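The letters A, B and C name the chains in turn, as written, and every chain counts its residues from 1.
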Amino acid sequence: MAVANSAAGNTKWLKCPGLSRAVSSWARASHNDTMILLFTDFGYEGPYVGQMKAVLHRLAPETRVIDIIHDAPVWNPRAAAYLLAALARESEVGDVWLCVVDPGVGGSRLPVVLDCGGVFFVGPNNGLFEPIRRRIPDASLTSIDWRPERLSATFHGRDLFAPVAAMIARGEVMPGGSVAVDKQRTGADWPDDLAEVIYIDAYGNLMTGIAGSTLNDGHKLRIGSETLAYARTFSEVPAAALFWHRNSSGLVEIAANQARAVDLLGVAPSTPVAVI
Amino acid sequence: MAVANSAAGNTKWLKCPGLSRAVSSWARASHNDTMILLFTDFGYEGPYVGQMKAVLHRLAPETRVIDIIHDAPVWNPRAAAYLLAALARESEVGDVWLCVVDPGVGGSRLPVVLDCGGVFFVGPNNGLFEPIRRRIPDASLTSIDWRPERLSATFHGRDLFAPVAAMIARGEVMPGGSVAVDKQRTGADWPDDLAEVIYIDAYGNLMTGIAGSTLNDGHKLRIGSETLAYARTFSEVPAAALFWHRNSSGLVEIAANQARAVDLLGVAPSTPVAVI
Amino acid sequence: MAVANSAAGNTKWLKCPGLSRAVSSWARASHNDTMILLFTDFGYEGPYVGQMKAVLHRLAPETRVIDIIHDAPVWNPRAAAYLLAALARESEVGDVWLCVVDPGVGGSRLPVVLDCGGVFFVGPNNGLFEPIRRRIPDASLTSIDWRPERLSATFHGRDLFAPVAAMIARGEVMPGGSVAVDKQRTGADWPDDLAEVIYIDAYGNLMTGIAGSTLNDGHKLRIGSETLAYARTFSEVPAAALFWHRNSSGLVEIAANQARAVDLLGVAPSTPVAVI
């Protein structure tokens, strides 16, 4: 079973061009092409995303901010980590990912930046960046020593991570510098691919934490009592038939043609899957 | 009954200024005032809208992107087409509508651009642009021959339609050119106004696909076993009373004062209505 | 009980820097740092927010628009007013708040602008700005005399308030001028702090309309049959334990550690709370 050992031969899974260009991380020349991408579990309702974006706009008014996802696995940095690694595959130099899945906010977990040669990930040191870290050998994980004048007990996304993302987007050196924390990282014992349901989309498709590139078309997927074969896309199976495919973010996904796989299977996030 | 034949005398329903200004479609001088407007059935959760916007920002960083609606009738290009025609009424030269209600993604349906003299609609050739096409006599419908290096089987919104919308926003000629497909268009047999519920909004109001301008105030609307009279607005009827009015997008809409029409009527999208 | 009389000693609750800088309200020199912040009860689905943003972009293309919240208390300007006052605390000169919680749209309520010395609030004169007005002694409330060419009966957010917000963001004098309406303001009899649940967030936390600064840590909060003690943050109480804290917007909030307070208490918006 190829899943557990896939990363070694797969270091370009995150196609980060920064790895082949010499980019000084904390002091980039220009911010014209910078983009801040938001990855949170805040949900789509309420003021939290907006408050964070207001801070970003005040501190980096020329930087475009893109909402990638706000319903990442809630309070589940492990599942969220594999989703983030998939969504971040197409990152380009200058991208700053602001990532907040942070059940330990207000506790002792460190705030960190993962620098993948010009693509940055800002967030809590709770394993959220571990799958990316593992795929980018030259990436460096450093603690954020800077603290804002006012730090609420419950909203570091707005008060700490957003200002740091803005500083990086502006090409500034963070006051206080940073310290490598590669040795303290959470998730070092996590698998390279997570063989469970990590996200259920609005159409009822089940994303797993398994990279599509680690399976061949002959592999089958077992979930509950069902065994599913591969199909390239929806229209290649009969209506309501279940199958697995490589989704548009590169993950192994369980889907059904013109039907909701989640309802057909009656499963929830974190349900394990097995590759056979 | 005026509904079925309304379009002939109603060609300015889409108030597209481009029709009276000579605009070279594929090569506009400036993109400063360009706006890309998103119309999809992706829903508001999950990463799909964000991934599409990230592509738009990379390819047309100076163009503002506006989310008009992401809960257009799911997998229902016919109902969505009449909603789009209503929402697009106020378009101005330079607007690029990126429209993805595309149940046939990955199949044989063509990607197309409808050019209404400087207002563009990019999306699948499944009838989504048919009501607009019919109201703008000079509009041209052309196929998109360009293909990206990487085209996923399931996400043409991100991989194909978004890059094309960005090219148009930048005033570029599309590589590969385009071919008129006016003769192959889907929906040529659809009515000018769609006498059914096409969208139910968050307040429980029921939008129909009937242009408000085709009815006079004496018309009544029949839905299920109810017959509804016209009122100008909510406060002109008693609390919880049902009525029809011309909504802020110009459509005939069924509503109730301080109550949810959808709950009072117990109806679903696609329920037919009759004008009497 | 300190709640009812807190505002007198609390006039800086809205930390509006404009109060200490001399800013000519209607004619600011530059709009580079201007931001339009949206506060509505439109919900997150449907076309209404997008249509409003399209208007803003056409009229003030250089101004960033931030969605602060779109699920403000529906049709409840009183509860919404206290939430707005909390969210607007961090406003800066140049901010234009576009606020639409407007059950009286189409009726006789005036459209108004509250000018807090360079921070503006545009919306209906239904009390929505009253708590802010009361905390900023120099603020002026003026009616909006300008009317658009086309004013729908039901969507003043798009047709009237958005264009006015754009004019202010551009630093323009509003055609028609404005008249002080301080004497006609709604909500003059409302309390300084609203001792009820005004908003329930996606995590099930219950925000009240009580400013956190008006209570000390020894105060207890009574809701239903429960009496809750203060804790600084979630991790300071046992799992599933209820407590009150000052939330990241400065409001007294009822929460539970790793659980949904709303479900534990079984309460709804507008439930009264008592400080003891």
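We adopt the following convention: a contact is a pair of C-beta atoms (placed from the backbone, for glycine too) under 8 Å apart; a residue touches a chain by one contact, two chains touch by 3 or more.
The structure presented is a predicted model; accordingly, all values stated were derived computationally and were not measured.
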Message = Given that chain A and chain B are copies and touch, would you call their interface same or different according to whether over half of its residue numbers are shared?
response = different
Magnitude of the superposing rotation for chain A and chain C (Cα, nearest 5°) = 120
Key: Whole-Å separation of chain centres (CA-atom averages), chain A against chain B   = 33
Ask   = What positions in chain A touch 2 or more of the other chains?
value = 44
Message = Help me check something: in the complex, which residues belonging to chain A touch chain C?
response = 42-51, 53-54, 57-58, 61, 75, 103, 106-107, 152-155, 158-159
Contacting residues of chain A [partner chain B, same complex] = 32-33, 35, 37-38, 44, 64, 66-69, 71, 87, 90, 92, 199, 201-202, 232-235, 245, 247-249, 258
